[in-house]
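Notes for the one structure printed next.
Letters A, B, C, D and E mark the chains as written, and numbering starts fresh at 1 in each.
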Amino acid sequence: MEDMKVEKNEQKDGTAAANTGSQSDPRLIAFVCNWCTYNGADLAGTSRMKYSDNVRVIKLPCTGRIDPLFIVEAFKKGAKGVLVSGCHPGDCHYTSGNYHSRRKYATFRDLLGYLGVDLNRVEFSWISASEGNKWVAVINEFTDKIKSLPDKTTDIFTKK
Amino acid sequence: MSRIGVFVCWCGSNIASTVDVEKVREEAAKIPGVVSAVDYKYMCSDPGQNSLRNVIKEKNLTGVVLAACSPHMHENTFRKAAVKEGLNPYFVEIANIREQVSWVHEDKERATAKAVDLMKMMVEKVKRDKPIEDVRVPLNKKALVIGGGISGIQAALDIANGGVEVILVEKEPSIGGRMIQLDETFPTLDCSSCIMTPKMVEVNQHPNIKLYTYSEIEDVSGYIGNFKVKIKKKARSVVEKDCTGCGECWNACPMHKNVKSEFNINLSERTAIYVPFPQAVPLVPVLDRSVCLHFKKGGKCQKCFDACGPKCIDFSMQDEIIEETVGAIVAATGYDLMETSMYGEYGYGKYKDVVSGLQFERLLSASGPTEGVIKRPSDGKTPQTIVFVQCVGSRDPEKGVPYCSKVCCMYTAKHAKLFAHKVHGSQSYVFYIDIRATSKGYEEFVRGTMEQDGAVYLRGRVSKIYEDNGKLIVKGADTLSGNQVEIAADMVVLATGVIPKKGSDKLAQMLGISYDKYGFLTESHPKLRPAESSTAGIFLAGMAQGPRDIPESVVSGSAAASKILGLFSKSEYEVEGTISSVNEATCVACFYCQRVCAYNAISRKEIKDRNGNVVKVVANVNPGLCTGCGACVNACFSKSIDVKGFMDDQIYAEIKSLAV
Amino acid sequence: MENIYLPKLAEIKEIIQETADTKTIRLSIDGKSIDFLPGQFGEFSLIGEGESTFGFSSSPLRKEYFEFSFRTSGRATTGINGLNEGDKIAFRGPYGNYFDTSKMHGKDIIFVGGGIGMAPVKSIMEYCLDERDKYGKITILYGARTVGDLLYKNIFDEWKNHKDTEFVVTVDPGGETPDWKGKVGFVPTILEQLPLKGENSIAVVCGPPIMIKFALKTLEEKMGFSKENIITTLENRMKCGLGKCGRCNVGSVYVCKDGPVFTAKELESLPNDF
Amino acid sequence: MEEKYFEISSDNLKKFVDRIITDNYEVIAPTDKDGDTFYGKISKFEEANLDILLPKMSYKEYLLPKTETLFEYSISGVDTEVKDGLQGITGANEKRVIFGGRPCDAGAGPIMEKVFNWDYKDEFFNERFKNLTIISIACEKPDNYCFCTEMQLSPESSYGSDILLKKSGDKYFAIVTGEKGLNLVKAYSDLFAETTKDKVPADKDWKKIFEIEKTKSFLDKNFEHNYFQERFLSCIGCGVCTYTCPTCHCFDIQDEGNLKEGRRIRNWDSCQFGIFTLHTSGHNPRVTQGDRYRQRLMHKFKIYSEKFDKYLCVGCGRCSRNCPEDIDIKEVAKNLAEMA
Amino acid sequence: MANTKTDEKLQKIAKDLLESGEVNLIIGYTKGSNPQRMRPVFITKPEEAEKLSFSHNAVQDLAVFLKKQEVKKFGKIGITVKGCDEKAVNALIQEYQLSRDNIKIIGMQCNGVIKQNLADKGETKVSETTVYDKCLICQEHTPVLYDFLVETEEPELSLSGNVKPYAEIEKLDALSTEEKNAYWAKEFDKCIKCYACRQACPLCFCSRCIVEKNMPQWIDTNSEEPGNAQWNLIRAYHLSGRCIGCGECERACPVNIPLMLINEKMARDVYNLFGYKSGLDINAKPVFGVFSESDFNDFIK
């Protein structure tokens, strides 16, 4: 029978070097709503604004769909910072998704902080479809902030 | 099995100059489940789309990932292309490597790495895509309009003229609403009844309109295309089809001095059997059983019965419940004027000559209690000096409401103008905060009242009104001159603010639509969907949504009508298939999903065993109402509800693919 | 020191889409099958998505491949479902006991399968068909809820065409399509109508618990099969397959080690806990 | 090997423990934390709490960790590489001593060893068990929840211990049952004095309050008895009984990781959970908590003994003491015996 | 032990309820495995009502049984509750898990229950050092809602103010992120993933817990540092704004993780943020089922 290869292949992923996900080159994951922030980010693109390339955007229909548990999963998978962004209060495409989620985020954020997660690593913002510049500013500031944090993971999600 | 095709677009040099598209393609080819990876100059071009279609066909793809421009640009383009090859459109996912990579980053290696990541995310997502079928809801092409005011009438007529059957339900004995109570209308001063009555008659005669007056909505269930409505037709005690409206009955009624007329806002009296006003539609009286001697005194009085030629008085008539199935609903429930009891200092209710704006309309009206001659209620004398007080209740967060009632500035100017026209040499004073006269001809109209008709406008609030020697002394501030003013007036007209019709909140709950903290019905989107409620198939019109004037009310009625005609122009109502669905095996019926759903799309469902016993209650998603926002998914603790197209498993796979 | 939890890799040779949500996957290691006996099972996985337990569904006499059939339901099966021909599957086994064919030699055999429970039956059945001469009359009864739920449709003919072999296929009432040519009725009902008698016969039964229950009753009470001659295979939830993790424990047996094949006689001694 | 007997003074026992710690033995002993006593690594003799009857949890995790990596994997494209978890297995330190446990806990080792070796050999368990030296202390005052005597052990049983210490005044008698224990004693022979069996105080006459064979015979005959559904209506299925039990060994196997790498692990699991036996089809053989508690009783007092000739219970009483709803297994076993 | 007057009253109510057929089952307490313990008892026959008892050892929150399918089958149920437990009943009604019509609430006035580990060691006196912290902050010594009230004979709990309930919360709040992290990492490291906290919780009523769902794998199954933290975090999150503070999770925890420090902290935060306390009003909407436009927004850019 064919046994599995036990030796480890060092050269697994040719692109890994380009974004290591380390503290100095952190991986940021942004959960954004389809209608406001995703469009805002697109606007930044059509306006040819430049911003940090550390962020990876995951698109969801609405802030109301962005489960706080996604934040946990993102940290588990090595994100150094997580951004949640959607329509401004009152502008929700689905009327009230962002209001419902805001309650959850406020509570969940408290819980994270209490359990020793560095809240500098979790960011929430309201970015409208017209706020390409705000998107750029939020991403750049967040990236800079994460980079400035001490080079050790103070969260309870990653194995030490 | 996953057979994914990855298509990397160069977008000319738009992507290719910053992202190494070949590298992205090579990385794609390495992913398990990817059976084809290609790059192409312009994927959205015809040749590009054709190559996409060819690969789908040749490689028998189960999913497609395009690494290209924003999904908001070409998602539909590519989905359509995929559908042509028999692939479910939702099996096409886009990695946005233009707007969110090549255009915003400069370092080619890093931009490429990001593009690869985004592509991988979408590959993992598309692997977990489930076929999604768009939802088709059959439509009962019949509309219900609630409220027979001008906006409801407009909506009903427009819909009916579009060839669709309409049921118009009005709570009062006659349609006409508030507008028929008005005298002349600003800024053109055409007579309200003159323009309103023809429309009312048209409603009554329209073959496509079924009119229920003196009727209320008892219950609404169902959803877009298929609302089940129960209408309570209150016992009128008059057989409508036989009545000729001759008036013998009310002339015979002995109660002619005892009942305050609602239509004239207590400024006149009516009989127990009555029509609210002479031009009422339908011109069929209603017997008010709460005051009728027949009912109060054990059946002795039957003067109206005796007087009636066609013998259409029926004392034994019962309330009747009529059930109708409609495909769409317009809520045009209108407004009330605010109570002014909190302004005790103005003496409304205490001094007969302090009247509300609407009462003054009746005093001005030729069909009103004074037949259009302005007489003050206390002694019937014609007033020479009238003080108009604006913003009574409006823009007063302390005592009233913070919002502007919008129409008061204009109707006060109209009142002052008509007063000047009707009583020569008279003088009016208007206390105002700001003048809001923003529509066509409005500013000129107000100017005219001031300049041609000599109304004195005083910027400031009235602090007190009291009676002294047959005059009403109005004390107030003129903030422009900084003086306290005191005016001895014969009458005071309070421009009371506008509030939603009493009971409209109850109706909104019945309809499952939202309303704001004042009770005004809320639009689905304040700018882009102003005629729609948050619930699919239910539309809004008129003052029920908030203060507006007649033209705006008419426009909103027409808007609702056009929405319904548009909806009914198709044989079925189509909804995107990206909606929520419940895992009934694990749902525990806590109904947090229902609480957070802005669209009333979640209902209770009983699961029964073979003997019909309820074994379990679970949440159920109404596909016609669900918009796929996913708020319910977030609310569900046991993760027993998920939204197609953005399933938890897919989001987690995306995150997983980003692991560093 | 051997790590008994370490899987081996097998290559997917062929994938057969049986129904909308079930597939048969044929595997080989170095182009060959593995040594196993009908009735045994293995732990299959796409590494990273967790293991699933499936009985082998092919005849051990077909030396070029071994196969299993599965329904996509959970995380592990979804992972396996995503694989293509040529991909590798991690695999541990074979585990458990097996159908003892030596006791069947010279006897008439009725094979009864329900739904996806046909998979382990197929293994022993094809094993017998592959050595057709060693057995008496063979009857195959296969039923599913609906026509769409029937597996192995593409090889029905192959089964039918053996000599002295009767193949009966049925669907539950309401599960038939307009062009359905098989029988309509629940498996135990159809079973009762078959011209079989219990003497010198063996019955092999596998399917959903409710079907097994009634089929056993029918065979025993109405058709005169002795309990020793009715053989079934249990489909308990398992994890280790090695008689350790405790999950498949029923009465004094570990189904994964002492089973999954039991005679009705043996089942009788087990508590009603499966 | 025949049992050998030694004496050690209380002072020397302290020295012994401190010295083996200095000599890099990992010493696990009952130690106080969070207002209770748990087994934990100690850095000096004083940290051990030898007065406590039993720590809240058993030391099962040193034989079967709550999570164990069976293997690690890494995936690159379509290639999967695997690293055997047995290589570099953690905690299989040769120099690990469980000190100050009781005869009941010690009795659990050989019982578990059977299931991990009856057919396939589970080397994860074996590696750990092989390298564990168990020094137990005989109980003088069992409490009301204890029933080791009924479970074929006794408060003074040396079964499963490499060394059993019996206190006598200010010294201890050490009963050494095998090579592992003897090697340790010999390595510190300056602290121990050899003695003979007759010097060791005889075991007390521990009374049984019920016969476990009767419990078994009730279980043999009464699978569908109302008792189970009625008595265990108060069971909330928390599984604390199984998790704190020194002999419960059920586990689950799971994969964890991302698309590039991860591991297959096994975690403690419990027959008290509804999902434990839930079939993919939705069918669950054990629907009620009564069914599940019955399974635990069956496994402990019937099934295991039929297969392995040992009861899967050492009578430590932890499940009773720790049960949030006060289900007392001793009382239950006694009830069953009485009904037999 | 002889029946106390409390017990007699309780037994009378239960007997009447069962005799009249108003309920089919009474869930109550009876004497347990040692004199310092009580245990749940399920009474279906009037003559068995005499088994019922109540004391400061009645630590269990019997509302937990209302979520069990086996118990639900009884239909109309009477339940003996302390003030804290009664809030769980209310919360279950709020979340549609229970119909008010199907439940008869026998409220027990309670001045605190003795910590079980102390009781096991022989503690018999109710005092601010022997009762659970929840008893020290209890505002519902008399239950919020009841059909019958049984008054207590226990002396009133006197509070000197020297014992600060849940004092650790403020201490923890004052710690740095790293210190908090270290504290909880140590606590969660003890976790053995037995989920007793969940099973003991009257409000963890999901038929399939999120931890038992693996598509996606919401919570790592491992019982080590990352997996344990995820479980504890998500458990606490799911109970934020819902926990009524009965403390059963912490009592059930076999490894003594101070779960109430999290629950209580979250209850305080939810109250501060949204002015909501769980289980006080069966007609109130749960805090995460509603929102206000003016909800706390300062943390969002």
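Note that in this section a contact is a pair of C-beta atoms (placed from the backbone, for glycine too) under 8 Å apart; a residue touches a chain by one contact, two chains touch by 3 or more.
None of the values given here were measured: they were computed from a predicted structure.
C-beta contact counts were set side by side for A-E and C-E; A-E has more.
Averaging C-alpha coordinates per chain and comparing to chain E, the farthest chain turns out to be C.
If you average the Cα atoms of chain B and of chain C, the two centres end up 61 Å apart. Between the Cα centres of chain A and chain D there is a gap of 45 Å. One simple way to say how far apart two chains are is to compare their mean CA positions; for chain A and chain C this gives 48 Å. Mean C-alpha positions place chain A and chain B at a centre distance of 38 Å. Contact with two or more other chains is made by residues 4, 73, 77, 96, 100, 104 of chain A. The residues of chain E that reach two or more other chains are 208, 215-218, 220, 224, 288, listed in rising order.
Shared interface positions of chain C, i.e. residues touching 2 or more other chains, are given as 6-7, 9, 50, 74, 78, 87, 90.
Interface of chain D with chain C (complex): residues 70-71, 73, 75, 78, 80, 82, 84-86, 115-116, 118-124, 127, 223-224, 249-255, 257, 259, 262, 264, 266, 269, 271, 276-281, 283, 285-286, 291, 295, 298-299, 302-303, 306-307.
The part of chain A that touches chain B in the complex is made up of residues 14-16, 18-21, 27, 29, 38-39, 41-42, 44-46, 48-51, 53, 56-62, 64-67, 70, 73-74, 77-79, 93-97, 100-101, 104, 136. Every residue of chain B that touches chain E in the complex is listed here, in rising order: 585-586, 588-592, 595-596, 635, 637-640, 648-649, 651-653. Chain C makes touch with chain D in their complex at residues 1-7, 9, 45, 47-51, 71, 73-74, 87-88, 90, 208-209, 235-237, 239-240, 242-247, 249-252, 257, 271-274. For chain E in complex with chain B, the touching residues are 95-97, 205-210, 213, 215-218, 238, 285-286, 288-290.
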